[in-house]
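Every chain is named by a letter (A, B, C, D, E, F, G and H) in the order it is written, and numbering of its residues begins at 1.
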Amino acid sequence: MDKKRLEQLLEEIQSGKTSVEEGVRALEDLPYKELGYATIDNHRELRNGYPEVIYCQGKTPEQVQGIVKYMMSQGNNILATRAGKEMYRKVREVCNHAHYNELGRTITIINHEPETTESYIAIVAAGTSDLPVVEEAYETALILGNQVEKITDVGVAGLHRLMSKMDRIRGAKVVVVIAGMEGALASVIGGMVDKPVIAVPTSVGYGANFGGLAALLAMLNSCASGVSVVNIDNGFGAAYNASIINKL
Amino acid sequence: MDKKRLEQLLEEIQSGKTSVEEGVRALEDLPYKELGYATIDNHRELRNGYPEVIYCQGKTPEQVQGIVKYMMSQGNNILATRAGKEMYRKVREVCNHAHYNELGRTITIINHEPETTESYIAIVAAGTSDLPVVEEAYETALILGNQVEKITDVGVAGLHRLMSKMDRIRGAKVVVVIAGMEGALASVIGGMVDKPVIAVPTSVGYGANFGGLAALLAMLNSCASGVSVVNIDNGFGAAYNASIINKL
Amino acid sequence: MDKKRLEQLLEEIQSGKTSVEEGVRALEDLPYKELGYATIDNHRELRNGYPEVIYCQGKTPEQVQGIVKYMMSQGNNILATRAGKEMYRKVREVCNHAHYNELGRTITIINHEPETTESYIAIVAAGTSDLPVVEEAYETALILGNQVEKITDVGVAGLHRLMSKMDRIRGAKVVVVIAGMEGALASVIGGMVDKPVIAVPTSVGYGANFGGLAALLAMLNSCASGVSVVNIDNGFGAAYNASIINKL
Amino acid sequence: MDKKRLEQLLEEIQSGKTSVEEGVRALEDLPYKELGYATIDNHRELRNGYPEVIYCQGKTPEQVQGIVKYMMSQGNNILATRAGKEMYRKVREVCNHAHYNELGRTITIINHEPETTESYIAIVAAGTSDLPVVEEAYETALILGNQVEKITDVGVAGLHRLMSKMDRIRGAKVVVVIAGMEGALASVIGGMVDKPVIAVPTSVGYGANFGGLAALLAMLNSCASGVSVVNIDNGFGAAYNASIINKL
Amino acid sequence: MDKKRLEQLLEEIQSGKTSVEEGVRALEDLPYKELGYATIDNHRELRNGYPEVIYCQGKTPEQVQGIVKYMMSQGNNILATRAGKEMYRKVREVCNHAHYNELGRTITIINHEPETTESYIAIVAAGTSDLPVVEEAYETALILGNQVEKITDVGVAGLHRLMSKMDRIRGAKVVVVIAGMEGALASVIGGMVDKPVIAVPTSVGYGANFGGLAALLAMLNSCASGVSVVNIDNGFGAAYNASIINKL
Amino acid sequence: MDKKRLEQLLEEIQSGKTSVEEGVRALEDLPYKELGYATIDNHRELRNGYPEVIYCQGKTPEQVQGIVKYMMSQGNNILATRAGKEMYRKVREVCNHAHYNELGRTITIINHEPETTESYIAIVAAGTSDLPVVEEAYETALILGNQVEKITDVGVAGLHRLMSKMDRIRGAKVVVVIAGMEGALASVIGGMVDKPVIAVPTSVGYGANFGGLAALLAMLNSCASGVSVVNIDNGFGAAYNASIINKL
Amino acid sequence: MDKKRLEQLLEEIQSGKTSVEEGVRALEDLPYKELGYATIDNHRELRNGYPEVIYCQGKTPEQVQGIVKYMMSQGNNILATRAGKEMYRKVREVCNHAHYNELGRTITIINHEPETTESYIAIVAAGTSDLPVVEEAYETALILGNQVEKITDVGVAGLHRLMSKMDRIRGAKVVVVIAGMEGALASVIGGMVDKPVIAVPTSVGYGANFGGLAALLAMLNSCASGVSVVNIDNGFGAAYNASIINKL
Amino acid sequence: MDKKRLEQLLEEIQSGKTSVEEGVRALEDLPYKELGYATIDNHRELRNGYPEVIYCQGKTPEQVQGIVKYMMSQGNNILATRAGKEMYRKVREVCNHAHYNELGRTITIINHEPETTESYIAIVAAGTSDLPVVEEAYETALILGNQVEKITDVGVAGLHRLMSKMDRIRGAKVVVVIAGMEGALASVIGGMVDKPVIAVPTSVGYGANFGGLAALLAMLNSCASGVSVVNIDNGFGAAYNASIINKL
């Protein structure tokens, strides 16, 4: 509600076209309408064609089922992340076209096909151990309506594999780099593309990896300037970011 | 034993009304009586009408049962925190009106209704994943004799929800804010109320949350001045603090 | 602006008593008036009789001088924390009744005497090395209009000193405990009073103190239930919290 | 050198148009030409109209002077970050139109006006203490050819200030959020805009801030999905990222 | 083998009483005999009447059984720490007078009664949750031939309990203090006795305890001067230290 | 493909002996051939006679089976590290001469006997708890074609055992030292040999070991100059390093 | 005041020999007399012949001077630790027989010669860089009335030096081991003596020493059982502990 | 003293050629002679033709001068690391052919030319900010008698520069890689050479570098198998290691 609409409303009240009760109702949530967003749990509610998103960790299968049941009534697409098998079983009870990506631990429910971008997001990862995060990112990017290219098994210890796929990486509008261990892949790719690079550290690795801390710090300290970082194993967040950028 | 009682006692001894033996007995524990508190495990013993509190973590179900059995003889209300289901089963064997809050993992035993305050404590939380801590705080506040308002699902990523409940939050005498992830809710609420805010970081979140460290540090560094912090996931401690303040 | 006032305003507009322009003006900042606060830097703006607060760290003496100069025009009391000597010199140029507490590194400017509470805040500290934080808390509590009792040099390694001052501590409505090293003072006092205890870890100590981390963790893990914690060396925050509670 | 150019070259060799020696020379550095980038220290060399970037920390004033002198010969714009006053003095000796931003510690040398975008980057910050990072980001964004809006002094403890500037923030194509302490500003803004948010934690704050760690962890754990993070105090990196996105 | 025994041996060689071959054999391990210790895994081998010690963590039940079997042949007493139930079952197969302390997770095998000291070690602990460490320390101290007094449930949040047992604590020649959470008990006792205090942090506690780190740092930073610290949960090490001191 | 081969190829094209299509095919992967390495997951592909290496952690048994199946077709030796029993079962289905080292959690498949060095690698470890890492290093060194000497149970708390085996240690061309707890073994050995020492911290130990951090830091800070360090529990990496050196 | 003295006092009151007022006065501080200690700053007050101890860090030279001036009136010996040169200058103004150990940063004032033990404390250190801590420990041990042997420059990287001094180390009643870097000296000595070893990590070392953390963790994780640890660089605490043990 | 020499000695005693007294003297220090090393401070004493090494940090200029003066009498070459300018000035007073590398902070004194290897050590570094560590490594490698190639300014953000120098790197017998920030250079080079790579993390970088921790963790977690790591900024240690390997 901008200033103009406000003047109009008050003039309608002044002229009697709108009753005081109607005016109160319209104005009561003025601060909120202006904000214009709502949240399901800890992901902001996504508008117009965006999926509803459920972060399942710390929830019971019953809670997830309940949330999905409610959401189904609104006709939107639905994405659930960090979803265990038991959760999927529960969700299937209320929606039999739900799809489960076991590796990525995502449940996706397509109620209407999302419009898809022409430009694509490249999701690049070092090893098979990073695949769960790759899959979470992939499912997220898809349901948000993006074209996606997955390029995996291209760790920096074998640069030639990476080089052979550099064209597909450079062709993307935005690049998601997923890597555990020392996370060097983000710097190497960051140094070779002129697109935004969103780096996801993963918790894959030996002892002093400290649950992904090593890769996280490495990516934050990347000597390549076009790299920003999301949380450890946060494939969803990276793809969400990438999607915003891909649709600019 | 204050100075006056001490004079009286000594005069009784001087006058022979009290024997030396009785005097020795009365004075022997002078330092302790003056301190005036005892402890059940690691929660200070609570006086007059306060519940006895048992911190169950690290105890066996049998130990918890034994402590409850002993406490039942004293007629006080009882609160057990961090209690697993098996502990509850054991406690039920010795007290069949014990109540179990499965989400909050608390056992409460009401032997006499606590007097309840007129002012209330607001317990505010961001997401469904924080609910276990909310419930621990809630049960604690109730058995300590407080009116409580629970306001959940109001994360900062969807400010309008929070705004719509701000009146109920502002109406409280003291506010408990429970949040995981980045813990920003404490700062946002701290900036909008002029009541004491007790913040509880939770261990909910992705990788670099480091078991609640992220939220803990954020809350300690809150730019809002009226915020103090208790330990990660410590719903009990927050409610206990809030109760002291609510009863001032 | 509550619902009632809103109805009234709209009725005035309907009746022509208030013009549309005036209505727009009144309603434009509805969301903000409802929030009701502003901020000077990172301390929320304090209302009616409260001092304005300036957090000086990271500011230049010139910036501090500029802010004070602006604030002087509003007639409020002013508190500046983390203020170096050079800052004080600059402030004196624009306000010659500014007072400097060198140990606490605070500048206070009293433009009108604050009303003072009858109940008092006890500020308790272990050693002379904690005094800078004590003084910051003290000046803050004073300018916020509280009676304050300072009780220092009562570390847990010499319990008898602490005991001899326990009555003064117990007499307070709220207790601020300031301690470095192992921070045990908070637990010991928390176990002996039934008032809210706000603990301030200080960065005083030997090597593995890690800039106050040892005391911070100790206080967060206090086995005494009535203890909440503010940031390391944050005497201001503790006193601010205590003041809110003292005035409930 | 793509496949097509390679065929052409070989055909030229086959036809004798190109000698074997020339062929060897062209093919020898095939892998490098394909990579197509060079580096000045730890910032990748920027092409076509981009400034050359010098990261001054850990360099002597003489080294900085030397690098600038060499770069001047190439006619590009130059940006030096983390530059002390003494460095600026040295740079002025070899380039008298160098400009120094003392707060941001940047030296900028404009040898040809950069083309400027129509869309703008919003740089949002909480307090005056964050200004050095704001200025580094600002100078970086400018010299990279972006329109920039600075919006400062909008910490979450005073939401109404932030709200009053939300339109300018929402109007940006990409938002840089700079905040120290608990870093909550990133989450709050991330929840209210649907543009990419690049968060910069700053090292501003009290004790348990641990040099920016508190804000860093908070931002990485942001419950708002559209937030990615760069290193502590890394205004340059944030603006560099934002510029890439702004020019997509 | 001291200097005197060496002279004697060489004189025997000189006189032909001992052959060169025998001399070589005796002298070959001179450096080792002089050192006078051997090691079973990571505990130094204990001499004359001392138990053999097995640290079971990271070993299989079969390995533990094998070591015990070998040790039984030497007639010494045996102590196994960190021993699970399955290990005990295996040990019983080769030694049916083995004793298992389930809480302390120790196996003790008495092959000859150790001589016992007249002075005693006081083992003091805060809560029932610390009992596993108490029991490990207790069994260790007993088998090393010490008189021991266990004083438990005396946390600092209830000083009067502690005070009532202070005489028994003061009567000890050396005091072991075992505490989790904030570990303040070590400082309080350290301030009230003039005997060596060996502090054992335990991993008992809420979130920011970080597996005993909070108590560890607190104890290292103790303001009481007579406190030294062993590793987290290391009841064995504390008792071993105390035993050396108790026998001085 | 070196310069000489390149000239030859171009001359063949010039002379028509090689067609342009063949030339394109040969040159297309010039950059990669020059790099000369490929990667299986996160271990670089090893050439001529070297085993293929699979890092199993984070992979499913099916994935491991699939990779082995593919590799079997190439006739190389195969080493799989961090392999659980279930993985071994799956691998046996496709290769019945696979060998499993249960303690070291390695699968080795010998398809042709590796040539073995004359000089040997000494693998030295403190206690039985370190044996899993010892075995991983041992199997790695063997399949890479090294002679190996294992010297275990020589912790620094019992120096005489270590001394008695010092000759075998000094005889090695390179020494791998594996130790948990305080990791002092690396310094002690580093001070007594003049060969390269590669230290492997293990995650064996009590509480403040923090998953091997204690030993890791100790080894990095070793006062003996000839010590370098690999990741916690990384027996493979240490043996791989040692093998490179042993074959120089 | 023991039970006997209490009976006597009450009998005197009963018989009128002591007035009620005198009785009140005597009994008022019963709890404190019984505790029997006072504190100067953060070191407990030391009794009969013990020095008074001042911990100077965080105090101003004026404060130190003031404390010394007051203490001089009581005739005790005085020890000030962490004392800068300026502090010494100030102390000399009020006590011209004060002695300054520049390396150890201690001020000692002998007002009466302490009685000295027959048994001695061995203070062992690795390198010249550890000498400041050695000197602090040395001065502390001396003024507490101990014989002391200093054995320095015996790092584990050169075991033979250490071995040549092992007899002097073994002759001590208690051993203080001071080491930075990887702190291995504590384990090596702990494995070779059967006396209590008190280990002091120092902050000496390269980067990943992290201010003494490496040595601290190493010492806490020592595989030698007779080692306990005090805070980083805490020479005073180690010597104080050693003195208590030396006088048992 | 090996077994053979021991037999000989005893036979001499048997035959009277050697007296018992002489025998005792020869055998007394048997364990030490066998160890055969001494230490100057915290670097092991280097034999025949090796330089003496002084680690200057934590020493006074006078101490360094004294050590050099003593060493000069022995005719060896001398290397002093972490030496400030003032130390150099002092050293020049006693040795006027001392050479100072200001960037590397090393003093070298050549008393006789070391024999130099034919194979060479490659010292590779990312940026100019790493040069102090490069220089320390360089001077160390030189005085130890190695040929050395320095290859600097080859960060991973500009791979083509690195590629163009890969031949010189591959030609080395051992490679030292020095990098700050995210330390990715070690992984990239480790993936492209089949020689031992010794990685040195440097403390160069922005905020979340945490004094080199980011690079350290990255290097420890390197996905390239042939990489081992030394302490942060430890150019000396890396070169020392490399020298041992280069001379195998």
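By definition in this document, a contact is a pair of C-beta atoms (placed from the backbone, for glycine too) under 8 Å apart; a residue touches a chain by one contact, two chains touch by 3 or more.
Chain identities (UniProt): A, B, C, D, E, F, G, H = Nickel pincer cofactor biosynthesis protein LarB.
What you are looking at is a predicted structure, and each value in this text was computed from that prediction instead of being measured.
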Shortest walk length in steps over touching chains, chain C through to chain H: 2
Most remote chain, CA-based centroid, reference being chain A: G
Contact-richer chain pair (by C-beta pairs counted) among C-E and A-B: C-E
Chain centre separation (chain B, chain F; CA means) in Å: 54
Separation of chain A from chain C, taking each centre as the mean of its C-alpha atoms, in whole Å: 40
Approximate Å spacing (C-alpha centroids) for the pair chain B, chain H: 58
For chain A, residues contacting two or more additional chains: 31, 34-37, 39, 42-44, 126-127, 155, 157-159, 163, 181, 190-192, 205-206, 208-210, 213, 216, 220-221, 223-225, 231-232, 237
Chain pairs in mutual contact under the definition given at the outset: A-B, A-C, A-D, A-F, A-H, B-C, B-D, B-E, B-G, C-D, C-E, C-G, D-F, D-H, E-F, E-G, E-H, F-G, F-H, G-H
Sites on chain D touched by chain H in the complex: 29, 31-33, 35-39, 41-45, 55, 57-59, 63, 201, 203, 211-213, 216, 231-234, 237
Chain D residues touching chain C - in the complex, by the definition given at the top: 126-130, 153, 155, 157-161, 163-164, 181, 204, 206-210
Complex interface listing, chain H residues touching chain F: 31, 34-35, 37, 39, 42-44, 47, 53, 173, 190-192, 194-196, 198, 216, 220-221, 223-232, 236-238, 240-241, 244-245, 248
Chain B partner contacts - residues on chain D that touch it in the complex: 126-127, 155-159, 180-184, 186-188, 190-192, 205-206, 208-210, 213-215, 217-225
Chain H-facing residues of chain E, complex: 3, 6-7, 10-11, 13-14, 16, 20, 23-24, 27-28, 30-31, 34
